[in-house]
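For clarity, chains are labelled A, B, C, D, E and F in written order, and residue numbers in each chain start from 1.
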């Protein structure tokens, strides 16, 4: 059953007043696929003080804090920590940057949306900063890796 | 060359003062893959007055207007139109909702980021509203379909 | 006594550090009066998938979460639930849509402003979406119906 | 015809790319009805440096700038001026503060929503600052007084 | 050691999940130096109902609530009180307005950034409202006066 | 004369409808003074991929785009470029990081406030990221260096 609807069949923000606060963690993944040309532009910049990945990561962390303003039925939650990791995967001419986001809170509801939103905005920021080089980059699959905490039990992607 | 960096190698917002205003259009695509169970929950709700796709689409349109607050080096642009279309694709047990966003402006720079951000937030909102049913949904590839307007010429995904 | 002023007679955000967290509910009402022509435009749309009331209701829920950014002396509160109900009232040629908003929280201060703000933005969104048909719509009286929770006791409009 | 819907019957942000920029003005009205007790609390504060009406008016002006973030299908417009006037009306024990907002822009679409939103948030701020004295205040009718500019001609409330 | 960096040397939002909630207070100071001409413009306005300092103070209080949206690694905290005091200092032809901000919360981390951000935005608002008279105003030193609460102990500027 | 007040002596957003759009540039300066210990913490981090100055600079650029949401009477302007430069000044044990911001637009009003706000938020972000090392850092004088464009002529700090 979808829980986001009221008796008239209209959307509502589900009432979580009676849920207990607990420690919660969510991890999400996204990625961005790019040509070797874009990869090298990022890497060459990387050895200087500023770099594409730094900017993208700041954007991702700030976006985690905006999640409840962006996703209509999402509850506002006081995020207690965010970390974003990058890993390069290299297959022939096509290169993929893996983006992994971990968000923590102590609250009445989970932070899955915060982790997924941060991952998406991180990927979008990389697209923005490199699109002058090549517009054909693709943001890859974005999904929840795992979450823990809360009465509905943990989830781990199989 | 990455244009988003200043002489110290740090990020900057590129100066577009001298660029001309012109009519610009960008179209982006995203999708969300779900189990038949989620699909049916959405469809059954659909016949009532409110539905998941309506909420997601409002979220996408509102997100287009927040793009320059979310993407650090993105210029603020007065968006002049946004349209979001959905199409269901059905392959065996796995169902995919295709999300297509068109954004228009008359401005000094393109609206690729606005279209991509709207597409991502639309998909994330569907995830949020259905995650009580199944957390394993996957947001599929997100990319630019085409853009027109501006001195760098048009782009069309091949 | 107005409590929102400091010793110099200037506005301040009242200190609620010592107040206890408790379950709180507020209900507010607004409405929008329209001609039969606007009413029928809304109703005819209604049988399709998207409708004016769906969009307005999403706007109202999202506005509830922005209340402390809009109302200067309002404390930020983690809203735990929002529901918006509509009811049509039909008097001769003039038709009125009643808007009722319920907001819940567990916090140190009430959610009256969240409920009132959501009701106002819901009505304004309906105005926006129908103003191409008729600009003479009137947003009717907007007020608090009742609130419960907190040490000052409950309030119920007589 | 409602213009805010696409071919699937879903909401869209109407395309205004082809509309011309012109000087536009909109004036909206709201009010707040209060008991003599609230009126006197406001008036007594008024003679000090800060006052309820000052705060409310700053809130109204700032809200005008947030309109397109609050109203889903509203186009972002660069507001070029906002003025808010107050007038007291006194009938027996019931006192009403009239709120009149004028918003100006040079743009492709009108500023009716900006004027109406500013009027509503001004009234809500007064409610917020005085609700410790009396929660039974009522925000009165909120509507468009007049607008000028744009190809659809002027509107003046009769 | 800087705590805002992860194992890859990239910025993260520090995890405060395990910290206890406690009463916390922070006080910050800023100032704005102005010519006698600007001072008199402010003072003459002051005797009317609206004044520069009122507007600046509303801006400062509202900015305190936006701190975690502005400062990337700053945790969102539910502020429970804000007060801003002004004091004039007069040295020959040069006049300085001292701005003192006190912010309170009950939370897992301090409100130093909220107090400092409010002080800065208060000063910037005064600059904005008086810059038509004289653009040479200087916003003076901005710093933390003291903070209390939290396991790291109190701080008081010597 | 202060131009930000209406006939009742209340604040208003000045009407700029009749002003012409022109190329405008503003440059502002701020700084942050720190102990050698903080300086070394920043510098040691600097050689890794992420660094304090990168994060601060992203924050400054994003804050420039939020200026009209933060400063009540400030007009929304479509910023066309932002650049932030840092320079270290070293006097005995006390070290000062100079922050210089340049903002450009093509618009009806200047970008002085955007440049000053970006400079302040850049400095505040550095404070935030280093305050675990030492809370006694001081944000130094913040002022306009120069501006050009607009009918009131250029300004250059003497």
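Operating definition for what follows: contacts are C-beta pairs under 8 Å (C-beta built on N, C-alpha and C of every residue); 3 or more make two chains touch, one makes a residue touch a chain.
Worth saying up front: this structure is predicted, and the values here are computed from it rather than measured.
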Expressed as a multiple of 5 degrees between 0 and 180, the CA superposition of chain A onto chain D rotates by 180
Interface repeat test, B-D vs C-D, E-F or B-F, passes over-half contact pair overlap for B-F
Between the Cα centroids of chain A and chain E the separation in whole angstrom comes to 31
Chain-centre distance (mean CA atoms) for chain A and chain F, in whole Å, is 29
Chain centres from averaged Cα atoms put chain A and chain B apart, in whole Å, by 15
Residue numbers in chain F touching two or more further chains are 8, 10-11, 49-50, 53-55, 57-59, 62, 66, 69, 72-73, 78
In contact, pair by pair, are chains A-B, A-C, A-E, A-F, B-C, B-D, B-F, C-D, C-E, D-E, D-F, E-F
Residue positions on chain A within touch of chain E in the complex are 23, 53-54, 57-58, 61-62, 64-66, 78-86, 104-106
Within the complex, chain F is touched by chain A residues 46, 49-51, 53-55, 57-59, 62
In their shared complex, chain E is touched by residues of chain C numbered 6, 8, 10-17, 68-69, 72-73, 75-78, 107-108
Contacts from chain C onto chain D in the complex sit at residues 1-5, 8-11, 41-42, 45, 48-50, 52, 54-55, 58-59, 62-63, 66, 69-74, 112-113, 116-117, 120-121, 123-125, 127-133, 135-144, 147, 155, 157
